[in-house]
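Following this line, the structures themselves.
In the two assemblies presented below, chain A is common to both, partnered first by chain B and then by chain C.
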Partner chain A sequence: MTRPSARRLPELRLVHPLLRLPAFQFVAILPTAAIVAVVLLSSWRGIEHPSFNFGLMFTWVVWWGALLVSLLVLGRAWCLVCPIGAVGEWLQRLSLWWRSPYTAGYHLRWPGALRNMWLPTALFVLFIWLDNGVGFSNSPRMTAGLIAVLLLGAAWVGLVFERRAFCRYVCPLTSFIGLNALLSAFELRGRDGRICRTLCDTKDCFRGNARRYGCPMAEFPGAMDTNLQCILCAECMRSCPHDNVALRLRVPGQDLWEMRRPRLDGAVSATVVVGLATVLPLMMLTLLPVVRRALAGALAAGEATRLVAVGLLFGLGIAASAAIVYAFSALARRAAGDPGVPTRLLFARYAYALLPLGLAKSLADLSDHLFRTWGVVPDVTRALMLDFPFNQVVPGRVTAVHLVPPLGTYLVQAALLLGGLLFTLYAAHRISLRLFPERDAAFASFLPIAGLSFLLTLVGLWTLAVGLP
Partner chain B sequence: MWRRAVALTALATGPLSGLVIWAVIGSPGRVVSVGDPPAHEASEIAVRASTWAFTPSVIRARPHDTLRFAVASDDIQHGFAINELGINLQLVAGQERRSPTVTLALPPGRYVIHCSVFCGLGHPSMKATLVVGDPGPTPGQRLPWIASLAGLVAVAGFAARARARPGRREDPA
Partner chain C sequence: MPRAPAVVTPPPRRLPAATAVVTLGLAAATVLTLLAFLGKAPFAPTGPREEGTVFYAVPYHYGFAFYDAAFREIEAMEVREGDAVTLYIVPALALSEQTFADYAERTLKRPMGGLPAGDLRIREKIAGDLDLGNVEHIIGISAHPVYVTTDVARTLGDRGRRADAPPSVAEAVRRKDPTIRAVTFTTKKVGAFDVICVDSGPEGGATCGWGHQWMVAKGALVVRR
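Moving on to the complex of A and B:
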């Protein structure tokens, strides 16, 4: 239940009245729904020019960047305002925010075999593979198609399965967002675990009541110990009859070392998320030309070759990422000299510690694009305003201007990576102290993971240094 | 115990670190130099873009050379931008785009040629270099080494601190 250390953290009482408003989430979704509508129209109908298409630029640069930053601060706050997940919920509940006596759909339970992170992790990899193989992120039409598929998928799953099954078990971004939400500086939790355990018979926060719904992500806030599935909708705050749920500040990343039951599917997903940001770009940079040349003789030239080559490297890169983390976990076990702690447990714990490094690398990647193609932001805004919202006018030449010069950009990237390294080292150290009662063994087990963290930092530092003046 | 752990860590991390650096800087890519064009004509540099590299990866020119770039993408949409020259071409697969003719009124140095269209995982590394004149050693060549050293110092410093002050004992997992 509630951790003793957590009680000392301040609650954000000032925002509690806002969170308790019945229409809080609906009002929060409205602005993003309007923006997503413009994004959809401009990417579907607008010009195919990547530097003048608002939908494309907004989705892959502005939204992606805002998502990465928001994860560090507010966890899954994007899921709170995401209109895609909301569509399924609105259809299922036949209401926008009030407790409706009617419902639509079948409300089936999500299949037990799929109650884990394997499916969303596979969909995340599929999504990134297709993006890199066919170029979603530089095609407005494919971007519009992707948003439409997600909207239809969320609506269908919402009508067949109970609660937000799509957001928890299907959305291709749920593993990425959920895992990185562990780093956030805020948490929504039960205030006093004893009240949840002994005084509360109804568990309204989970089941709902006559006036409010239960947790849409099927979490019981009284027992929730991580941000993995909390979308900060505050439905539990509104439904709790004991006023026992609070939003509070915490040490960023606390979930990484304090989670009680780290799961293997989550740990593998964490290695995938971190590997996609570090190991995969290195392999793409160094091996893709070789693999493409090797395949060129066997396959017809064009998209198929690239898709297969990228697919091969994805398979290899993801396997290599998991193998490296597992190998260093085995090394950590050997260094600690404690046969009672299996490698599998060390892997399941330490894989989460690498998440800050992965997020730092993703932020460094994005800052590179943002700083050196800054001129695209006014270009794309001008293009949208000239033909709102269809975005079919080319307003002249593309601007070429740095916001920050290349060396300055690299310094920012290096600072981000070194910050991510320190965050990872701190998390790994705290995890080691939980794993081993003997401090010497804990320290010895921590050292190989520190070495792995350095290695992944090095990958980021050198792949980002390509072409430095 | 910790000395053995340090040795194991160094044995595992050292060769892999060397491999990473060698993999990135080991293949210099193709280099072209701008030749002497006929009088009153610009030199044209042909560049191919593909996920995620430019060929050639280094273009050498002299100060005040007049040149233009003829760039084509072999696969998806990419960009070809040299901000210092105000060039930003949008590349569609299979179509060649020509830049305006420019005179290199730039001081000797190394200038980044980059993809200006977000194109996937390798996008941040999709760069080439325009070398004007003889710039000699530049800070960009040293920065990754300095940053790597800073990373090593961070790890060593953190480990030394963790060893000296192991912190409060955590609840067992």
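Moving on to the complex of A and C:
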């Protein structure tokens, strides 16, 4: 909890009274619940044109963009306001925010074999694969179906298992959001570790008490050293009898090098998240036509061929991403010349350092989309207002407003990627110092990872440049 | 700092009845959602009801022709506020080669895309679009819940034309041609509304090609009090 080596930045005392309000999270969820309801209705019942459907455009441009940006600043703040995870919790607790003396559900423990990031990472990959294969994010009906499946899934898991098992172990976004939340500039942590260790017998922040619940994500704030699973609900703050939990600023990305126990599942998940943004677009651009041609003889033409071809490339791309990071970790070990540090440990630490680069590439992809489709946001809003909330009316022609010309967009994307590269280099440098006490060995170990980061940046710059006039 | 007294907080009491109710409710919600997405729930989106005043619209490269229930060509579809309207969409490409060509010739009578009326390059543009496979249209009526995508490509042969195409709209309707699409809607606003070919993407990516952005029938739906 308290890290002597960590730079302590000020607490945000002004917002503490707000966070301590019993209904804080519920009130925060209300607006998003209303928006999600409109999004669900409009994407399910509304016009199928992607540029007139509020639900579709809001989900894949506005929400996705806001999510990516929020990760950098606020970590898992989306989870705080997400109504999908809240539904299971409300059903389980039989309350919206107050501590109910009763509970519904079966309160089973989540299976031990699934207490990791493998399942959510696989579901995240499944979603991205389906999106690339059948255009999930271009179809209002599929978007509505996805939201409905997530809502029902969260409710069922909340009913059967204890706490927010869905948010922690199932939600397809949890690995993506959790890993990128490590880059955040805020953290909710204990103030003084000695109080948790020696003075507190009840551990109310984890178990709950007569007034409040324990951490819904099953984290013990007294031992929590990363933002990976913290949804900023501040339940620990409200339940702590010692007033020993605070929200404070920190050096962005501090978790990347400060985490005490980097896990292999998290590291592999990080390579998947980064690989999906960097390695995979390269493979799709260069290999997809070849694979589709090769499959054309064996499969019927159309979407099935594309889906299978994309699936093959996804499998290959993910395996390649993990293998590349592992290979560079082996190089880093060899360069450091310290046989006492296994490659596996280097992989488990350095994989996290690549996250800023992955997020920067995702932001770069989004910026292109945002600059090209900006004019659609007023279009969909107009369409929704003409027929609220069903969104079935054609408002007129699509407004095509290119906010920034292609070259300008590319410069913004390049700046984002370079920012991500610098962030990654700094994180890798800090990690190398943590792995090797001697500075020379640390620097030698850092160099191959820096080389990999440059390589991934160049890949990103090249894939973004394809199609430029 | 004083040591906090350890207080044993009893866990919330489990309510089996509440668990049963929530389980049943969730099961019902799951089944209803499934039915809704299969289009079988009572509140699922419905297709055309084929009622009210009937009109026919022919989208062609690059314009529209409109017909009343008796297949007389009309300038505009005129109805009263609150009327139900069923609009049948008969793509020109589903009709015979000569009929399609006749409709396309109407395009030449208008200046389009910087080309003057009668410029033969417009004809070349149409031919070019057909070669590129730009054969569908997305028909919308502004401020109304009309959004219909044609589905003619699968009926076209290797030459891009149908072998046994009906020669006219009336004949296509009589044959219940599979390319005909229908939409039923209720007029709610008074005014004149445009019938447009809605482009397929936010960047103006075209479904029917070069000329789609000029496929606007100004005020072709007139709703009177």
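By our rule, the second predicted complex is superposed on the first by the 464 of 469 C-alpha atoms of A that agree within 3 Å, B and C clash if a C-alpha of one lies under 4 Å from a C-alpha of the other, contacts with A are read in each partner's own complex, and residues count from 1 in each chain.
Just so it is clear, contacts are C-beta pairs under 8 Å (C-beta built on N, C-alpha and C of every residue); 3 or more make two chains touch, one makes a residue touch a chain.
The model shown is predicted, which means the values in this text are computed figures rather than measured ones.
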Give one word, clash or fit, describing how chain B and chain C relate on chain A after superposing. clash
With the two complexes superposed on chain A, say which partner A:A34 touches: chain B (first), chain C (second), both, or neither. neither
Between chain B and chain C, whom does A:S453 touch in the aligned arrangement: first, second, both, or neither? first
Can A:V376 be said to touch chain B (first), chain C (second), both, or neither? both
Is A:A323 touching the first partner chain B, the second partner chain C, both, or neither of them? neither
Which partner, chain B or chain C, touches more chain A residues: B
Is A:A104 touching anything from chain B or chain C once the two structures are fitted on A? First, second, both or neither. second
Once the structures are superposed on A, label A:P50 by its partner contacts, choosing first (chain B), second (chain C), both or neither. both
Between chain B (first) and chain C (second), which, if any, makes contact with A:V398: first, second, both or neither? both
Is A:W156 touching the first partner chain B, the second partner chain C, both, or neither of them? second
Which residues form the common part of the chain A surface touched by chain B and by chain C? 49-51, 372-373, 375-376, 397-398, 400, 402
For the chain A and chain C complex, residues of the former touching the latter: 44-45, 47-52, 91, 93-94, 99-107, 141, 144-145, 148, 152, 155-156, 159, 195, 199-202, 204, 207-210, 241-242, 372-373, 375-376, 386-387, 392-398, 400, 402
Chain A touches which residues of chain C in the complex? 1, 3-4, 6-7, 9, 11-15, 18-19, 21-23, 26, 29-30, 33, 36-37, 45, 138, 140-147, 149, 194, 196, 198-204, 213, 216
Chain B touches which residues of chain A in the complex? 49-51, 60-61, 128, 131-132, 134-135, 137-139, 257, 276, 280-282, 284-286, 288-289, 292, 303, 306, 310, 327-328, 331, 334-337, 345, 349, 364-365, 368-369, 372-373, 375-376, 397-402, 406-407, 410-411, 414, 417-418, 421-422, 425-426, 429-430, 433-435, 437, 439-448, 450-455, 457-459, 461-469
Complex contact set, residues of chain B against chain A: 1-2, 4-6, 8-10, 12-13, 16-17, 20-21, 23-25, 27, 50-53, 57, 75-79, 81-83, 85-88, 90, 109-114, 116-125, 127-129, 138-141, 143-144, 147-148, 150-152, 154-155, 158-159, 162-163, 166-173
